[in-house]
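Heads up, the next two complexes both have chain A, just with different partners, chain B and then chain C.
And now, the complex of A and B:
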């Protein structure tokens, strides 16, 4: 029953998308009617896809094993929350979620972007619909979540055990909102390119999409990284895994896009480059999907990969990339205004930012693909692991970190001002004194390279805060009495820059000064790690809903006082017989004590213990970055519009 | 111009302090209880598990990784240098086992590209600035 209805709903969605395309492009009827019908069928697409999504969720909740997808990825015993979120814990369901978000975006374009000229909006709707159409075909023909099987099995195979985790609830949807949000920018950009004589400042229309997608993608990546940190069991937070890279590439181009949009909005320069960036960003979202789902690149995110699906996505992505590039090249505007290249200007720094970010994109992408290329050409097999990426990205990050605080202090039009110099000097001096103070207080074995990197992180942090200070006392009063409207979006940007400093600090500090130990411990053994002692107290059990835990008890001791119990565990899933390792993480200010347990015997255990100073800064910084941009998004709107006198 | 002079002065002053403060940190003392295992991790993290998908030997629990880890433990207890252990495994299993590709003929492009792009950027930048 569910299978049939689901297939019908998806087919109706397909028909609606065809109808939207016809109405959007048919020349016969008048413009008003065209627009009305295209919008109507656009909303139909959204509703049909929404219902089919709810239906699949219902299938998971009632454990309807006549659906192959439900049977393969669920079981009766599974906790309810994982039945609901398990919908996107597999290939078919996650593609349906992808489609759902595409159609939600379409809905928002139709409903809430009414101020944009109708012609542009109609083209945008048409392009967005064609993306939906392509993915609907893909889902119906290669990854149908409503595929039927008879006879109906009694119980399901069960969810991949690594996925039964709170991370699954929130990580994929956020990531997909990010990826798919960029489809809107793609659609708008192509529509804008089609309008050659467009004089409006279109950057204003699309910047909110750039911010929202970026925020979601940032949060998605952060949560993914946090999830990997505690679940994969050895305390790494970034593995340069192909799937991670696939999310990092659109993130970097998305970051470049935000800056380029700011530049275009303020100076009207680099229109084509900005449009190209938004095409690129969505293209990287598609390429990432293709690489992961086709099984071309292998990764710990093991989706059931299938070459046929890969072929489909390859066709879809080539079509959209070539189509958009074709339109892009045909509508290139020869920017005739003279561009005098002045070093100390904000626009120049944004160009440098874009160059450095694009170099990182090329380098990461090339590093990902190189083993494949090499094997195809010469047959040699090599591995390009995390260290390679760290080595080649480090100089880029250093350059970015040096320049990052300078750019925002400069003006768009005038040259370098005395004022900017003064501010940067203040920041520089504060930074240096902080670093010296830190060296004196926290005794760490700092080598020059890490000290330089840490100083850079502090430099970004301090300069962003100093940049927020008002220029003089009268401004100070205005700012804190009426929350000067003009300054709020700038506050958002500075928070994000500051947060990047925090994240960088965490990354460098935790990688340089972590202490790791792999130990064999007998009952009652005590070990020393950094300023703590850790004692092994024995083990116990804990019965979960569909799993049993073997918990190993540790006491964390500081200055002869017990400050926490830590209980890493081995988790046995009853149904599948899988065993996962559950890390135990104890926070201490911004640091983490991280324990996982290997082999457990009656007399002794193998434990892996790490002390990671300032590791929490990584996620704190990440979330704060997202918050800053969200803040900017909220206050760029009309909320403070006319009320502020 | 007065300002600029001050800037340079302060810059040198601060750089001086930076260099002074660099060796101020105390070195972390090594405990002997974990030292052997620690180098197992350091070696294993550099090796790719050839049976798994995108995992290194340290984080994986496959048969392959277990045997490699056992081998590393054995060699370390015999006092073999960690570089020699990696070299032996490299000899036996080929380039693929190294997480970081060695710099050699078939990886020159891989290693040079980032630095080429970066220098290209510098070149364009100073060329434009001069104009």
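And now, the complex of A and C:
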């Protein structure tokens, strides 16, 4: 029953999308009617997809094993929350979620009333619909979540045990909102180029989406990284895995896009580049999906893969990328470069920012694709080690970090001012002072390279705060200018920059000064790690909803006093017999003590123990970055186009 | 300085930096690629380079030794490689299943420093699947 209804709903959605495309494109009827019908069928698409999504969720909740997807990825005993979120814990369901978000975006495009010319609006709807259409075909023909099987099995296979974790509840939806949110930017940009009659405020229509998608993507990546950190039990937060890279690429181009949009809004320069960036960002979202779904790159994130699906997505991908690039090239305008080339102004720094970010994209993309390239040419099978990425990214991050605080201090139009110099000098002096103080208080045997990186992180942090101080110092007596209504968007930007400094600090500190010990411990053994002692006290059991834990007890001791119990575990899932490793993480200010346990024998255990100073800064910074941009979105400046080219 | 000269400087710098980036990529790539072999392809005399070996964990070969750590054999129906690993095995490590080990050959033993883990128990690493397919 569910299978039939589900297939019907998806087919209706497909028909509605065809109807929208027809109404958007036929010249016969009058413009007003065309628009009305296209919108109406757009809403229908959204509703049909929404209902089919609810129906699949219902199928999971009532454990309807006549659906292959439910049977393969669920079981009666599974906790309810994982039945609901388990919908996106598999290929078919996650593609339906992807489709749902696409159609929600379409809904918002239809509802958005930003004084957009009707023709542009209609084009946008048509392009968004064609993306939905392509993915509907993809789902119906290669990944149907409503595929039926008879006879109906009594119980399901169950959800992959590693996915039964709170991370599953929020990580995929946020990541997808990020990925798919960029489809709106894509649709608007292509629609604008198709029309080629630009009004000034297109930047304003798409700006909000650039912020929202970026916020969601940042949160998604952060939570994913946190999830891998505690659940996969490897104790790392970033592995340069192809799938991680695939999410980082749209994040980087999305960051470039936000800056380029600001530049366009304020100076009217680099219009084409900004449009190209929004196309690129969504293209990278598609490439990410393609890489994950096709399984052509070996990654920890692959669901069981199927080459046919990869081919489909490759076709969708190539079509949209080439189509949009074609439109882009057709409408490319020679930008007038008659204006004075003023070097030390904000726009130049945004250009440099974009340049450095794009170089990062190229080197990461190259490292990611190189194994495929080499295998195609020589047949050798290789992996590009994480060290490659660290080596090529480090100099870029250093350059970005040096320049990052400078740009925001400059004016959009004029050259370098006395004032900016003074401010940067203040930040510089404070930074040096802090670094020296830090070296005296928490002395680590820092080498010059890491000291430089840490100083840069502090420099970004300090300069962003200093930049929030009032421009005119006499203002300070009245109120902190960063909290004035008109300055709030700027405050948002500075929070994000500051947070990047915090994150960078955490990344560098935790990478350079972590201590790790993999060792065998007998009962009662004590080991020394950093300023702590850790004692192995034996093991016990704990009974969970659908699993049993074998808990290994440790005492964390500092200065001969026990400060915490730590209990990493081996988790045995009753039904599947799967075993997962549960890490135990103990906070200590901004640091983590991290333990996982391998083999547990009668007399001894294998444990991996790490002490990671300032590791919490990584996620703190990441979340704060997202918060800053969210803040900026909420208090977005309504003033537009101070100057225009 | 004229506008033209300023612009020229700007773009020259950008070009030089790009060239630098390309050089860095090539150097970093040269030093950090890790080759993958199946047990029958691997040449044990070619010691001391970091490589990956992938195949199936031989049934009954897993031994946890009190002193040496974890021992097991990776096979591909033609040849076998004895692996020694001192660390924590991934949750999905099983006898008879696909595995990839990263490490170096020392005295005919493959000393692994990493066992690559997979999310999905049914998932076969692509390299392993392809090297087994032909055997």
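Observations, loosely collected:
In the analysis below, the second predicted complex is superposed on the first by the 621 of 645 C-alpha atoms of A that agree within 3 Å, B and C clash if a C-alpha of one lies under 4 Å from a C-alpha of the other, contacts with A are read in each partner's own complex, and residues count from 1 in each chain.
Keep in mind that, in the parts below, a residue touches a chain if its C-beta (ideal position, glycine included) is under 8 Å from a C-beta of that chain, and two chains touch if they have at least 3 such contacts.
Not measured: the values here are computed from a predicted model.
For the composite obtained by superposing both complexes on chain A, the positions of chain B and chain C are in clash.
In the superposition on chain A, A:448 contacts chain B only, with no contact to chain C.
Contacts of A:421 after superposition on the shared chain: chain B is touched, whereas chain C is not. Residue contacts after overlaying the shared chain place A:515 against chain B, while chain C stays out of touching range.
Shared-chain residue A:435: touches chain B; no touch with chain C.
Looking at the shared chain after the overlay, A:387 reaches both chain B and chain C. By the touch criterion defined above, A:601 lies against chain C but remains apart from chain B after alignment on the C-alpha atoms of chain A.
Shared-chain residue A:162: touches chain C; no touch with chain B. Shared-chain residue A:578: touches chain C; no touch with chain B. Once the two complexes are laid over each other on the shared chain, residue contacts for A:543 go to neither chain B nor chain C. Residues 232-234, 298, 300, 302, 341, 343, 355, 359, 362-363, 366-367, 370, 374, 380-385, 387-388, 392, 395-396, 518 of chain A lie in contact with chain B in one complex and with chain C in the other. Put simply, chain C touches chain A in their complex at residues 3, 6-7, 10, 14, 17-18, 21, 24-25, 27-29, 31-36, 50, 52, 64, 66, 70, 86-89, 91, 117-123, 125-127, 130.
Within the complex formed with chain C, the chain A residues making contact are 160, 162-163, 232-234, 295-298, 300-305, 337, 340-341, 343, 348, 355, 359, 362-363, 366-367, 370, 374, 380-385, 387-388, 391-392, 395-396, 518, 578-581, 596-599, 601, 604, 606-608. Of all residues in chain A, only 232-234, 236, 239, 241-242, 298-300, 302, 341, 343, 352, 355-356, 359, 362-363, 366-367, 370, 374, 378, 380-388, 392, 395-396, 399, 418, 421, 425, 428-429, 432, 435-436, 439-440, 443-446, 448, 451, 455, 515-519, 527-528, 530 touch chain B in the complex they form. Remark: chain B residues 3, 7, 10, 14, 17-18, 21-22, 24-28, 31, 33-34, 37-38, 40-41, 46, 48, 53-56, 58-59, 94-101, 106-107, 109-110, 113-115, 117-118, 121, 125, 128-129, 131 touch chain A in the complex.
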